[in-house]
Amino acid sequence: MTTVTNQSKAHSGLGTEQLLSMYRQMVTIRLFEEQVNELYTRALMPGLAHLYIGEEAVAVGICAALHRDDYITSTHRGHGHCLAKGAAPDRMFAELLGKEAGYCRGKGGSMHIADPTSGNLGANAIVGGSMGIAAGAAFSAKNLGTKRVAVCFFGEGALGQGLLYEVMNLARLWDLPVIYVCENNLYNEYTHFSETTAGDILARPAAFGIPAESVDGQDVRAVYATARRLVDAARSGKGPAFLLCNTYRYRGHHVGDVNREYYRPKQEEQRWMTERDPIKLFGDWLIGQNLANKAQFDEILLQVKSEIEAAVEFGIKAAYPGTDQVEENIYA
Amino acid sequence: MPEVTVREMTLGEAVREALAEEMRRDPRVCILGEDVAEAGTPFKVLSGLVQEFGKTRVIDTPISEAGFTGIAVGAAMTGLRPVVDIMFGDFITLTMDQMVNQAAKVHYMSGGAWKVPMVMRATLGAGRRSGAQHSQSLHAWFSHIPGLKVVLPSTPYDAKGLMKTAIRDDNPVIFFEDKMMFTFKGPVPTEEYTIPFGVADIKREGDDITIVATSSMVQVALGAASLLEGIGISAEVIDPRTTWPLDEKTLIESAKKTSRAIVVDEGYERYGVTAEIASVIATGAFYDLDAPVKRIGAMHVPIPFSSPLEDATIPSEHTVFEAARAMCKRS
Amino acid sequence: MTTVTNQSKAHSGLGTEQLLSMYRQMVTIRLFEEQVNELYTRALMPGLAHLYIGEEAVAVGICAALHRDDYITSTHRGHGHCLAKGAAPDRMFAELLGKEAGYCRGKGGSMHIADPTSGNLGANAIVGGSMGIAAGAAFSAKNLGTKRVAVCFFGEGALGQGLLYEVMNLARLWDLPVIYVCENNLYNEYTHFSETTAGDILARPAAFGIPAESVDGQDVRAVYATARRLVDAARSGKGPAFLLCNTYRYRGHHVGDVNREYYRPKQEEQRWMTERDPIKLFGDWLIGQNLANKAQFDEILLQVKSEIEAAVEFGIKAAYPGTDQVEENIYA
Amino acid sequence: MPEVTVREMTLGEAVREALAEEMRRDPRVCILGEDVAEAGTPFKVLSGLVQEFGKTRVIDTPISEAGFTGIAVGAAMTGLRPVVDIMFGDFITLTMDQMVNQAAKVHYMSGGAWKVPMVMRATLGAGRRSGAQHSQSLHAWFSHIPGLKVVLPSTPYDAKGLMKTAIRDDNPVIFFEDKMMFTFKGPVPTEEYTIPFGVADIKREGDDITIVATSSMVQVALGAASLLEGIGISAEVIDPRTTWPLDEKTLIESAKKTSRAIVVDEGYERYGVTAEIASVIATGAFYDLDAPVKRIGAMHVPIPFSSPLEDATIPSEHTVFEAARAMCKRS
């Protein structure tokens, strides 16, 4: 039941346009997050934010395998998932800044962005909090015959939450079209996952009869190829799957986590950034395959940069909700 | 107006009838819980539903209260209207994250983008010699949480009408049924009806004292009111029916009229439902009250197993009667 | 990691006296439970009770491998565990009847019997509710260096509770001397376990790195031999283990569950009772080995019967606690 | 009497000092929680403890709130005195079964045979722009449950003395710290001291109105009291320090003296702590009150992220000041 995907293959029938669009999405997430950090440093950002930098290939690879009306649930580290699933940076920045133009009218913020038009059931600030919700969306999809699939993103820290095992059991019993995507970035906040995770991760879903695979989370093509296979299987009625994506967050647990030496060595960070950067790896491959050239990448970078700048601008200029809105939306 | 046919049925039957009618009306309604299908729950409240609606709509779950509640939240967000069954209300402890951090907040946190039209059915009430983990009435917890609505039916009539409203509501609603009242009988019209939330019901009119009572305690209050009648005290018994939304106006007006109020609820008295309601009345009827509002809840102890001990912890007709008598004598 | 024990061996160095004492304990549990049923039928029993009849070999086999000061946690179906760990029938009946002479002064009842003198941390009416408590007792044992072991009894229905997976992970990470003993009697109340349990039960603990075995729960010698090995390993610092005991409850889920045909066939019950009765199997073996004879069994039966009758009598005659005691023991 | 040395320290430091002293005094005390060791929690309250006491007494856990709370219950029953750390109070949702159905009831259900000497540390308080799932003050839930004790320190002095008492208590105690107050400074004696539970502290004496405030709201109340002083109103500020046991007497006596009372607490107002305390005062000082007891809690909404919205939901100096002014004018 437990297999490891051969990462090198995976062209997976994607056309050049799609490949470049995935590349662009990864760049978008990277620049979006750098702007978030910038906003925080400039003290314009209320609260905290958990940056996705370094993990872009996971969100982009998975979401490329989904339809727009498929569902995702996301985490405290959710900007990448939202963008990859189709949210617009401007309304996201507005949300991060607590503005009325944001996806949640400013009520959700970084950890709660949700967007029905892109199937995003919401980021979640409770570690593991959305594992049932994703299965529930899959339950609806199955019962209503919509052929939709639900993806539950979560960090390896959420393996500690019992809810996961309750819903994996249910998802298998009821053959729900839900994919559990575990983003193992090696750390639960400031603690290495090996100190919090006994046994073999993939054996856990397998014990419930759920097909489980792992993939190089820095290789967007491998992520896509594997996700595609699992999503297609779920869509065709084969039930749940589990995908472990091995990845790394370059920055702190949150924007304020700057001195990290006490829990992880600088060299480790350096190694991932120089050797395993998902954007660079993908770019090199695209060039190696003659599917793109440096000039195109520069062009993309420029375009995304100006898009992100405009989006930040939009967010900063947008108005706060009036305090009369505080009591709206408590009840539907 | 058409003639209204009325039958006697038990509270359990009334709940079942409401569910059956709503499931016929709306194919999106489904039921999830432990032993809800063939067994129809240990209380047999759901008997027969799986036969009519099949196993895809009346669904037995593993013993995973958090898990199936979470699934209901997600299902409610995406087009279904699930009803989850929590066998003993004591087990809501396992669902608090899904109900409070998820279900209650999804609509607000998403700025209105998502809705969670689900119902959680749970039981409350002691007296069954079931011990401290099967006898609690924990509805105060949910009443405390914005985003949730909390229903406490006290008669078959109310149970049916309120359940239908709960299922049609677009918000997470928790519906607490007293497990000692499943066999309690009362009249229920054949014709369709619903009962709005936030409208208290005057179960008995009176002039000398107001007794606000919830769920199981309504019959206790009515019993006390009969006893009080015997000694010439006219008690008004009011059932808020929903702790949230709360019909403050009706409670306050009655207290203003009678100038005395007792609040009876089977939850633990401390930091419980009686505190909120007593405080609302004490404030709203401040200039008309002749005596402090009296609170009568469950004793501040884990509910004991031993019969005489357990009985001592639950508000009784006698306790309410004595409290009312003392208050009316006083002024 | 997952192995199945060969049941036929297991003489396990037990002397005749110990073997007969185990036989006697099984008979004691059987007769105790029959009396509980009798009390219920005679409307003398407040509330409900969940009878252990048919599963006696599990409690007796496991507890025979424990020291008196080792810990157990038990379930709603806990009378057998309590008795096997060393509780006296008279104070148990008193508790079941809500009398002051009971183990919990009448405050606990059938589902909450606890007894520090026999290491019984308590029965629990929350399915799976004691999984953390057992691990916590093992945590103390390890930290205080007492060399004690904790056993957590639970029904297969409790496999549905996420807490189990949280604490199995912790027990493995911290090498806690706790044994999770799953009593698979095939039913979660009125639902067959196959409808509630996906995948492979033993693969679940194994996924957390916990050695997991299954054993014929009707064969007290096999249960003892396996338990002995796992308990010894835990005591010597090897950490947790999981033991699946395959068994059957002869009676209803609780004393009032009389018409059971809608969820399980009479023939199934009949088959277990005639072919797999743990007392009969053990008795036959003892006779076959010339370790006991029919007369001894008759003698044991007579003795136990009169002990149980005296115990019931004690319980019935004992006084209720005064209502002044209702507010005692809320706080220590 | 020996001279008492006093230092300024933050509330966070005071909590840490209490833990360190108790861990030195009693080898059975240990700490369990997420990122409590090297990281010393995200709030850095526990920094340095792992260095002194080692990894077997300051223990990082997986993100398994129910699991490690359950382990603490069992460990407490069998000879240790664990302190569990719940990073954000919102996550107590995940521990409700272990705390309420297990920890709170073990002593009673066993007829006194077992004890559960454990402490749960959790945070409360909004204002940190952390959104609806990281900003709640859910202490009303635990206050409702017999068998538990609930502590709400409002100053470094109280935090230290109450934490030491909590650790020495033989019952499960929940200790809520306002996460916005970890850097709040105040005097703390060098000498050892403890503060008994159930004894309210008069944080400021006054004659015209009583303001009962808990945790974070004590500073808000004191701020309001200063503003009130400016307009000639003398406010008495009382901090119950523990919601259970509750020092009813001190609250009632103050209200009797001033004849007006406001209760301020950061939990949701409805069915929250303000309801209990207001009701206790309304009853106890019934014949002396000139106005209804005023309750000021968090607004009945999931706590919004957006700064202006979030601020609107939390009781402020200004709100308390205005309420007090209106009440004092009124009579």
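We just call them A, B, C and D in the order they show up, numbering each chain from 1.
In this section, a residue touches a chain if its C-beta (ideal position, glycine included) is under 8 Å from a C-beta of that chain, and two chains touch if they have at least 3 such contacts.
These numbers come from a predicted model, not from an experiment.
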| item | value |
| --- | --- |
| Recurring contact interface, reference C-D, options A-D, A-B or B-C [over half identical by residue number] | A-B |
| Greatest separation from subunit B - chain, by CA centre | A |
| Separation of subunit A from subunit D, taking each centre as the mean of its C-alpha atoms, in whole Å | 37 |
| Rounded Å distance, subunit A centre to subunit C centre (Cα mean) | 46 |
| Where subunit A and subunit B are represented by their mean Cα positions, the distance between them in whole Å | 41 |
| Per-residue multi-chain contacts in subunit B, two or more chains | 61-62, 64, 66-67, 90-91, 94, 97, 101, 108-109, 131-133, 146-147, 299-302, 304-305 |
| Residue list for subunit C, restricted to those that touch at least two other chains | 104-108, 112, 124, 126, 129, 159-163, 166, 169-170, 173, 195-197, 330 |
| Subunit B residues within the subunit C interface of the complex | 34-35, 38-39, 42, 60-64, 66-67, 90-91, 94, 128-134, 299-302, 304-309, 312-313 |
| Residues of subunit D defined as touching subunit B within the complex | 90-91, 93-94, 96-97, 100-101, 104-105, 108-109, 131-133, 140-141, 143-147, 243-244, 246, 267-268, 270-276, 278-279, 282-284, 286, 289, 291-295, 299-302, 304-305 |
| Touching residues (chain side subunit A, partner subunit D) in the complex | 46-48, 98-100, 104-112, 124-129, 157-162, 188-191, 195-197, 262-263, 320-321, 323, 325-327, 330 |
| Subunit C residues touching subunit A - in the complex, by the definition given at the top | 159-166, 168-170, 172-173, 195-200, 203-204, 206-210 |
| Residues of subunit D touching subunit C in the complex | 30, 56, 61-62, 64, 66-80, 82, 97-98, 101-102, 106-117, 146-147, 149, 170-171 |
